[in-house]
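Have a look at the structure below, then the notes.
So that you can tell them apart, the chains are marked A, B, C, D, E and F in the order they are listed, and the count of residues begins at 1 in each.
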Amino acid sequence: SPSHKEGRTTGDEIVEIHANLDDQPGEGLGFVIGKLLEAGAYDAYFTPIYMKKGRPAYQMTVITPKQKCRIMADLLFQHTTTFGIRYVNLKRTILPRTFKKVCTKFGEVTLKIGMIKSSKKVTVEYDRAAILANQHHVSLEQVQQAALLAYNKEDGMA
Amino acid sequence: SPSHKEGRTTGDEIVEIHANLDDQPGEGLGFVIGKLLEAGAYDAYFTPIYMKKGRPAYQMTVITPKQKCRIMADLLFQHTTTFGIRYVNLKRTILPRTFKKVCTKFGEVTLKIGMIKSSKKVTVEYDRAAILANQHHVSLEQVQQAALLAYNKEDGMA
Amino acid sequence: SPSHKEGRTTGDEIVEIHANLDDQPGEGLGFVIGKLLEAGAYDAYFTPIYMKKGRPAYQMTVITPKQKCRIMADLLFQHTTTFGIRYVNLKRTILPRTFKKVCTKFGEVTLKIGMIKSSKKVTVEYDRAAILANQHHVSLEQVQQAALLAYNKEDGMA
Amino acid sequence: SPSHKEGRTTGDEIVEIHANLDDQPGEGLGFVIGKLLEAGAYDAYFTPIYMKKGRPAYQMTVITPKQKCRIMADLLFQHTTTFGIRYVNLKRTILPRTFKKVCTKFGEVTLKIGMIKSSKKVTVEYDRAAILANQHHVSLEQVQQAALLAYNKEDGMA
Amino acid sequence: SPSHKEGRTTGDEIVEIHANLDDQPGEGLGFVIGKLLEAGAYDAYFTPIYMKKGRPAYQMTVITPKQKCRIMADLLFQHTTTFGIRYVNLKRTILPRTFKKVCTKFGEVTLKIGMIKSSKKVTVEYDRAAILANQHHVSLEQVQQAALLAYNKEDGMA
Amino acid sequence: SPSHKEGRTTGDEIVEIHANLDDQPGEGLGFVIGKLLEAGAYDAYFTPIYMKKGRPAYQMTVITPKQKCRIMADLLFQHTTTFGIRYVNLKRTILPRTFKKVCTKFGEVTLKIGMIKSSKKVTVEYDRAAILANQHHVSLEQVQQAALLAYNKEDGMA
């Protein structure tokens, strides 16, 4: 259906980079994620793996726009113990999204809204919600629920 | 060797789709696997990952025939919280397989048999074996062992 | 039932020791398991965990007879980066077991046999089976299956 | 505070049982969970662990009322490959809960409601919600959101 | 040996609390760790587990001084979706530690030093080292290595 | 920069092979890794995954030079229970490395040294260090630290 086609954006050229880390402590790996995201990676994460010689280890994965692949490789060689990285080209499909602010009793919260066919997909942005939960001594979930309720009231009225 | 070449089927066009899920509870993820398999995915599974900001999360993977890639994408956008999916073309090699029924004291069990060079590879189909184990108040392993013994007796006689 | 009571041995005093490792590479952790088992631990293993500040880490667990608890603690302080360990007393129930050798076309294999109520529980000992699989260029599973078949033939004849 | 004290129930005598499984395939482990829950376990689950000799394995955990500990042990010896189990007494604190049905456009959904100090904690029961999501070809999350909205409307009116 | 006895401090009364989380997204779990540590937990972390009905989930663990057990329980009920927690008393053994500052070309770094029998155990404190690595555009490991070298030079001269 | 370009080697044709294993015990998986590495795989490892029907399982990954892909497939079909494998071509970038021996009080240790832009990346080779740690009843880390110190002294003198 036409609304369907409009609902998605395809064709981004992205690269997935892998490196296996068995001789680096986990303590500094959050630090590495920070460096990669700061430099423009779409995502960076670790998977627990079982390697040779009974070694618990981590597979590092970086999802990056193609033109930043070299920068990411440099960061991996600088900030991890790896002597080799592997990479592969991927395609990506993303939902077009709009952002919307709603008022809750805890303050203003941002929602990310995607169109998926006939229905909408709504997520509460984490960073702002976490700040409000801290300020008001409530749980993150209470802020998130308040935001979704506010959205549904507004949306119901439209 | 010729028997070797016959022993494998290569060239399937398949696609691996990835999405990272950090804002969806695990409770409903078995539900999502069900939807994907029902719609024709070859496999669908989750990997525990460590994401930014100290977030435990899951990487969802779907293995699908190429022509079903769009359907799988739609299901992922509908049934998970993701706003973006990544995919890559893979090749696949599978063992040709035959199915064979054997009689055990618990009832009829189905075996999956593959030819791998000179030797055979035999697996007991789970669903039927689990039903029989439940009916006869024995362990799954007892049914599986009975089936493999029955197979070996028949095979030994041939 | 009386046979049931005989089937289990309870009352061992054992200790479970935990330590969280976030600043030690996985590479040397197999080494640590070796040291602990050599010194008499019943078991020693790692669990992947998600710690504060986005740190992938491992929880080390040692299961030890109570009288060896101090030795294990010393080994943990010496061979891991931890500055603190936690421990708790556990009880243990084990199946009495006998060992039995069976002849297969690959050579002699050892089985571990436990009585669990009316049925027997049979496992193929790994170390010897792995050596035979290597020598005969077959899979570990082929040796294990051969051993179970040999056992079932002997047992069936009795 | 008094409402606080009323809000929790403490003192249940429960037992945590552990067994390490390195020689049983994962395929049948869902089957084992079923057996344990059916027999009255509070919970039963697996943790991926790294054992000696480079073995990926699972730690099985069963949470059981104390008087069912023996039954659980028997089930573990019957349905898993383990030759030994470990157990420890735990205490448990649970939130008193009420169940409430709410009407949504997808049908009637059950909510579990706990009192935690001044605020309420509300969860949508999975089984019924999953059936409705299947019937109406929507996502589990849509049913859950509808149920929470219905609850909030009713609650807001009170 | 006497130095051995001095080398460890035992007897802390601590509690380990467990809760299984299958209906809470991972996104907010780093938030929960923050709350618990802020309130005085010794440690708080998550373990990936496999629960009933095919549910990927997390086991939350909190290690807390005994007198803070109730506060931690309240925080768990407020900030997670759990309706029940389990807990057990543990003992703890810690290495007495001293802290020492060393000068590196990147700035002053703090070391944590423990006495383990005849040898010393030295760790570089993360927070300060991470700040210096960021400021000087080097890897965390470069700062850590510089600190260990500085320590060894000083120590070697003594 | 030119030194940068010299610092990396790109263009290796490698293949990543995947197979999901849900009906094979973890016990023999270390054995499988051994077979694959012996036959020339660059790496082979397991990832814990959550499959359909509540099955804990492992994803096996093999990283292999392209020309050995068929041999690896044969080994996977022989030594694992899988009936199908998936593979994809990857590119690889590795740091050129030199090896250097240094003298420590425990004996001679081998270092692997890579050039990453202006700085060097130094790792202690595991196998030799582990042997020395065993011989001298010290921790692996003590041997590794001694080797890095020896390297830094030599390097500092140059």
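The definition used in the following text is that a residue touches a chain if its C-beta (ideal position, glycine included) is under 8 Å from a C-beta of that chain, and two chains touch if they have at least 3 such contacts.
Bear in mind that the values here come from a model prediction, so they are computed numbers and not experimental data.
A.B. asks: Where centres are the averaged C-alpha coordinates, which chain has the largest centre distance to subunit D?
C.D. replies: Most distant chain from subunit D: F.
A.B. asks: From the mean C-alpha coordinate of subunit D to that of subunit F, what's the distance rounded to whole Å?
C.D. replies: 39
A.B. asks: Take the average of all CA coordinates in subunit A, do the same for subunit E, and state the distance between these two points in whole angstrom.
C.D. replies: 26
A.B. asks: Please work out the Cα centroid separation of subunit B and subunit C, and write it as a whole number of Å.
C.D. replies: Roughly 28 Å separates the two chain centres.
A.B. asks: Residue numbers in subunit D touching 2 or more other chains?
C.D. replies: Correct list: 23-24, 27, 29-30, 33, 46-48, 50-58, 78, 81, 88, 119, 126.
A.B. asks: Given which chains touch which, is the overall layout a line, a ring, a star, complete, or other?
C.D. replies: Shape = complete; every chain linked to every other.
A.B. asks: Inside the complex, what are the residues of subunit B that reach subunit E?
C.D. replies: Subunit B residues touching subunit E: 21-27, 29-30, 33, 46, 48, 51, 53-58, 81.
A.B. asks: Which bits of subunit C are touching subunit D when the two form their complex?
C.D. replies: Per the touch definition, subunit C meets subunit D at residues 4, 7-8, 14, 16, 29-30, 33-34, 37, 43-48, 58, 61, 63, 88-95, 97, 112, 114, 116-117, 119, 121, 123, 126.
A.B. asks: Which residues, counting only subunit E, touch subunit D once they are in their complex?
C.D. replies: 18, 20, 23, 47-54, 57, 59, 73-74, 77-78, 81, 83-88
A.B. asks: What does subunit F use to touch subunit E in their complex?
C.D. replies: Result: residues 48, 50, 52-56, 119, 138, 142, 145, 148-149, 152 of subunit F touch subunit E.
A.B. asks: Show which residues of subunit E lie in contact with subunit A when the two form their complex.
C.D. replies: 24, 27-28, 31, 48, 78-79, 81, 126, 130, 133, 139-141
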